[in-house]
Every structure is written in C-alpha cells, then in structure tokens.
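The structure follows.
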Amino acid sequence: MRTSRLEAFSDGVLAIIITIMVLELAVPEGHDLSALVHETGVGLLTYLLSFVYVGIYWNNHHHMFHLVQRINGGVLWANLALLFSLSLFPFTTAWVDESRFAQTPVVVYGLNLLAASAAYLVLQKVIISQEGPSSPLHAAIGSDVKGKVSTALYLGGVLCAVLISDSGPWIAVGCFVSAAVLWIVPDRRIDRAVREVSVGDGASR
Amino acid sequence: MRTSRLEAFSDGVLAIIITIMVLELAVPEGHDLSALVHETGVGLLTYLLSFVYVGIYWNNHHHMFHLVQRINGGVLWANLALLFSLSLFPFTTAWVDESRFAQTPVVVYGLNLLAASAAYLVLQKVIISQEGPSSPLHAAIGSDVKGKVSTALYLGGVLCAVLISDSGPWIAVGCFVSAAVLWIVPDRRIDRAVREVSVGDGASR
Amino acid sequence: MRTSRLEAFSDGVLAIIITIMVLELAVPEGHDLSALVHETGVGLLTYLLSFVYVGIYWNNHHHMFHLVQRINGGVLWANLALLFSLSLFPFTTAWVDESRFAQTPVVVYGLNLLAASAAYLVLQKVIISQEGPSSPLHAAIGSDVKGKVSTALYLGGVLCAVLISDSGPWIAVGCFVSAAVLWIVPDRRIDRAVREVSVGDGASR
Amino acid sequence: MRTSRLEAFSDGVLAIIITIMVLELAVPEGHDLSALVHETGVGLLTYLLSFVYVGIYWNNHHHMFHLVQRINGGVLWANLALLFSLSLFPFTTAWVDESRFAQTPVVVYGLNLLAASAAYLVLQKVIISQEGPSSPLHAAIGSDVKGKVSTALYLGGVLCAVLISDSGPWIAVGCFVSAAVLWIVPDRRIDRAVREVSVGDGASR
C-alpha cells in the first residue's frame, strides 16, 4: 500500500482537530473588552497552545511520512492510535480552560501530551520495524534529542502538577509551553546540532 | 470515472465522523478525577469503540478501493449509503453513552453496526457486478470469514440486548467489542488463515 | 489554473456540510423506542433528505468538473457561491425539523434548494462562457431535462407551501423528495433517454 | 519538501472554518418569517461576510502556492499562523452577531481581519526570502495595490469603530464590506491595472 491515502486521511483528521477547538471558545456574554478578557482570554491562550501542538504533530507527521514509501496494516492502526490521542485535545483543552488550570485537568492535559508522544514513538517503531535495517526513517531519526527533552518536560510538568499543590499546575503549563517552543523556534541552531548528531549517528551505524 | 475523488470525499467524510464524536464528550463540571471518571469515563470508552469502528471501515474502504479501477453512478450512491450509515455513529454513540448503556440505545447501536455492515456488502456487490467476472475485488474477497463472524456478532448482540433484560446490553457490548477486536488484533494468525482460505477459494473458482 | 485544488476544497466543504448535519440530531431524553421515534424520527428523515441532496450536488459537481480542464477567477467565485448556498442546508434542515414541517421553514428549505440549483446553473454558465464554443461541458449538458424538472418541482413545492394552508408543506416535501428520487433512482431508463436527447442535441448543434 | 500536503492540509482547515460558522447560526424559535429575520437575519449577513473573507483567503492562498515549488519549516509555521488567525473568524463572527454589531466586537473583528492580513504578508515574505531573488512569487506580487488598500480599510474601520461612538461600528462594517468587494468584483478593470503595474514592476526590476 502507498502512503498517499493515509496522509490524506490524517491531514483531514488533524485539520478537523485543530479547527473544532475554536468551537469550544465561549462567546462572551458582555460586549466590552473586559468581558472578552475574563470570559475568553484563558480559553484563547489554551486554544493557541493546543493549536501549536497539533501543528507540531502535523509537521512531524508530514516529515516522517516523507521518508516512508509503503505501509502495512500495523502502520494504519498505529497511525489511528496517534490520531485518537490527538483527537482528545479538544476535550482536555476545554477542561483545562473551563477549570482555569485546576490541578487534575492540567495533569490530564499533560497525560494527553504524553499519550500522543508515546503513540508517535510507537508509530515510528512500527514503520521502522516494517522497513527493516535499510529504513531511511531509521537513519534520519538519529538520537532524537528533541523528542527526549519534550517527553521529559511533559513528565516533569505532570509530576509538578501532582506534587506541588499551589503553583504546580502553572509550572506544568510552563513545561508544556517550553516543549512547544522547543519544536517551533529553533529551526536554526538546535536543528543544525540535531542534524549533525543525526548525521554522526547515521555514519556510525 | 476514476476513484480518486470518491476516495478523497470518503476520506473527508470519515475524518469528520471520527473526529466530531469528541465534541459529544461532556466536559466534567467538577475538576477532580472522580468527576472525570463519573461524567466522562463511559463516554470516553464509547468514543473509543466508535473511533475504532470508523477506523476499521476506513481501513477496509481503503483496501477495497485499492483494487478498484473505475466506478459508475451506482458505486457513487452505494458509497454514499455507506457514508450515511457511518455518519449516524456520532448520534447512536451519544445516545448509548448518555443512557449509560440502556437497552434500546444499545439495540439501536447494534442496528447501526448492522446497517453499516450491510451497506458495505452492498457497495462490494455493486462494484463486483459492475466489473464483471474478471473483477480483482471478487477474487480478493474469498470466503470473507471476518465479515460473516462480525455480522453474526452484531446480530447476536442485538438479540441478547432485546431478549435478556438485565445483562443483555452488556453482553451486546461484549459482542461489539469482540467484533472490533477481530478486525484489529489478528493481523498475523487469522489474516494468514483468511488469506489461505481466500487463495484456496480463488484457485477453486 | 488547474481544477485539482478547487475540487479538493469543494470535496472538503461538501464532506463537512453532509456530516455536521448529524450534530443537529437531538439525542432523545428518554431511553426507549418511542422517545427515539418522537424526538428524533422526523430529524432523521430530514437529515436523510438533506444528506441525499448534498450527495446529489457532490455527484453532479464531480461529473461537471470531470469535463473541465482549466478555470479562472470567475469559476472560483461561482463555485464558492454554490458552496455557500449548500452550506445553509444544515441550518434550513434544522429549522424544518425543529418546527415539524411548519409552513415558513418548508418554504425557506425550498428556497434553499432553488438557490443551490440557481448557483449550480450559474457555475455551469461561467465555465461554459470561459471555455468558449468548443466547451466539452456545453456539448455534454444537452437539454438538461432533469435540471428543468427538478427546478419546476422545487418551485411547485414552494408555491404549494405558500398557497395551500394545511397540507401545503406536505405536498412541498413530496415535491422535494420526488426531485431527489429523480436524481438517484433512474440510472437506467431516464438516463438513457436523457443521454439520447443530449446526443440528439449535441448532433444538431 | 513539496507543497502538495501543505496545500491539502490548508484546504482542509479552510474548508472546516468556512463551514462550521453555519453551526453558530441560531435556529429561530418562532416558525414565521419575522422570527427568521429578527433572530437569524443579522447572523446570516455576518456569516456571508466571513464566508466571503475565508473564500478570499483560500483564493489568494491558492494563487500564491501556485507559484511556489518547495517549502521549508519556516513556511509551514507561517502558514499555520495564517490558519490560526483565520480559525478565529467563527469566534469573532459569532460575537459580532450576538452583540448586534456592538463597538468592541466590531473592533475585535477588524483586528482579526488585520491579523489575518499581517499573517498573509508574513507568509509571503517567508516564502520569498526562502526562494531568493529569482522567486516567481516576488515577481508576481508587484505593488500589491489591493493588499495595501484593504489593509487601510481594515485599519480605518477599526479606528472609526473606536473613535466614533454611535455610527462608528457601522462605518467599520462598511469598510470591511468594501474591502471584501474589492477582492471579488473587479476581476476586470482593477485586475488589469494591477497586472500592468505588476508587469511594469517586474520589468523594471
């Protein structure tokens, strides 16, 4: 099987996930700026964070399947598992927003990030195990510094939110924002470093 | 007519069906774990089941049209009938969830599964009758053990839910979960058996 | 400009229109069959009718652009006008359903059908005027019996609903259902007749 | 990277944005024409305006990527920023509608138009800076009279809504409608003028 229809379906699902979150934004009952800030301000920032995360996954999915030629049934299901975990973002985002960053919703949001991250790794492994040792994806991944750092940030955030009673959820949100920034901003320095490490890895294999 | 645009349209509809079900997940009013479990727990599992079913249909649709070259008006309408029956899943899923697996909603959910299954078979027949005896799809289907077993499970589930008053709906849900598992898990053993049976069938034809 | 991206965008919009209507289906508050019939029965039939209409438009759109090679800005906007009129179906369908086929909502539904029909004709004319006398679409349309009969049915339905006080809306719905049936069922007899007429027309031109 | 998947994803997101706005249209509680006019009339016009704007952006996006061959990570993120700003239209449209064109919501709608316009310009600049001096997009843009006039109209509208207390919001809406008309109607005169200016610009470079 070729990847084109899997990509088209994933694009469709990701496009819907990234867009329907805006339906959760409550239209303010008041008609002035303070109503907007108080009733929708937090929701807007949470929406932005989740939009960026779905964007990151679309971006990575796009890059990953760029290196994949053929797929089997296992890849289809691993891809669906990733889409399922991402499809929960509108729900966890709405809960975090509605609760104004209460402890449990923030922990659940972090677990959602961890689940998506795990599903992505599983998808990667399934593709590589299907392609065998000559897999171009395997060669391209390298040490995956970004993936490891962001998983550590999600885990750290969840632990902070669980253990530290008052400011924990805010530290957690700080971790989640940092992990997102890590994936967007450094298309210069870290990318080059990662690329060099990967090339080194690829060469040493 | 070529199949590309029918596939793109079906991908779009299936992507929307599989994703908008998450909008039915009620955001818990409480902000702790027990609120999540009590208010959304059942909904999450029902969502997962329906997600898997739409995923199975996308998967099978993908495989089926892999073998189809050209289509006529009849195929377009049979495909729309399948999409219609699948588009009812967000509705039947929400009812099952909201009623906490009451008898009638579970029966209706099972009838929805049966309707989708019947629409899929009709689509298959329309394609084969259009392609004639040399149809590659006809040769590939074989005895369709999986299809028959899962239809029996849907039917058995519906009957259990109708006839057995207390535990009937739960036996039905067990049947529906089993049929879903049948389509996902056994990409090794049963697939090989099915393939051998099909090959045998194909050879004996 | 080539037509591929216009087709992909139209497929996306039509896929969403045809699917989000299911979100308007109210989940019954009761958990038995009578609750389903009374609270959702009418909605289900209205949804089916609108689903079929959007399906007809997708079908015709698909056939039309099959004959189109290149497009200009006017075609893009005429296509968007068609998509806009079709995007109102979820709204008019919900109103018809919620009012249980009251007079005004049925008239508005009929006007929506007329608007979509007019937008489709405009799109056709814009394409043909852009392509000039050698347009393959022009040659293929022929006398467009189906289009004329269905426009007459929409118009007749709207007039019945306006003029006849009690049974008018029901006659109108009968007209709308008949027009839909006209587009689905007769892929044998009428199609052949239409085709012969078209061929005759094409030859005499 | 090639542009096909970015275009498909953008098409998906734009198709969803343009369509889900119809879900915000409140179904009238009454069943007569006055209920429709009073409860949905304003909403319908606001929906039409936002539909046209998303249509304009899809149109321009389509034209822009027609001239782009390859993209990098920066283009992906600039494109996502454009999609994010456009994804806020369902929200700002619903607020403008619900408030019946109150001052603050109209200002926020205008800022949304400005944000989308700015994101579009940034996307253009990122593409051109990636492609270097031989960029076909750079040559095609020319003096971008339309872009400048419409930005001035958005800005003027926002200022009017802020400064003029009573009729300000209505002048603003007039500005926003004019800017939309500017992009649709003049596919003859202004287009030719713009084209000549662009050709002149292109030649003088």
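Quick notes on this structure:
Labels for the chains are A, B, C and D, by order of writing; each one numbers its residues from 1.
By definition in this document, a contact is a pair of C-beta atoms (placed from the backbone, for glycine too) under 8 Å apart; a residue touches a chain by one contact, two chains touch by 3 or more.
What you are looking at is a predicted structure, and each value in this text was computed from that prediction instead of being measured.
Averaging C-alpha coordinates per chain and comparing to subunit A, the farthest chain turns out to be C. Mostly differing positions are employed by subunit C and subunit D in their mutual contact, as under half of the interface residue numbers are shared between these two copies. Spacing of subunit A relative to subunit B, judged by their CA centroids, is 28 angstrom.
Put simply, the C-alpha centre of subunit A and that of subunit C have 40 angstrom between them. Each of the following residues of subunit A touches two or more other chains: 8, 12, 15-16, 20, 23.
For subunit C in complex with subunit D, the residues that touch the partner chain are 1, 5-6, 8-9, 12-13, 15-17, 20, 23, 72-74, 76-77, 80, 83-84, 87-88, 90-91, 94-95, 98-99, 102-105, 108.
Every residue of subunit B that touches subunit A in the complex is listed here, in rising order: 7-8, 11-12, 14-16, 18-20, 22-23, 25, 27-28, 31-33, 35-36, 40, 48, 51-52, 55, 58-59, 62-63, 66, 184, 187, 191.
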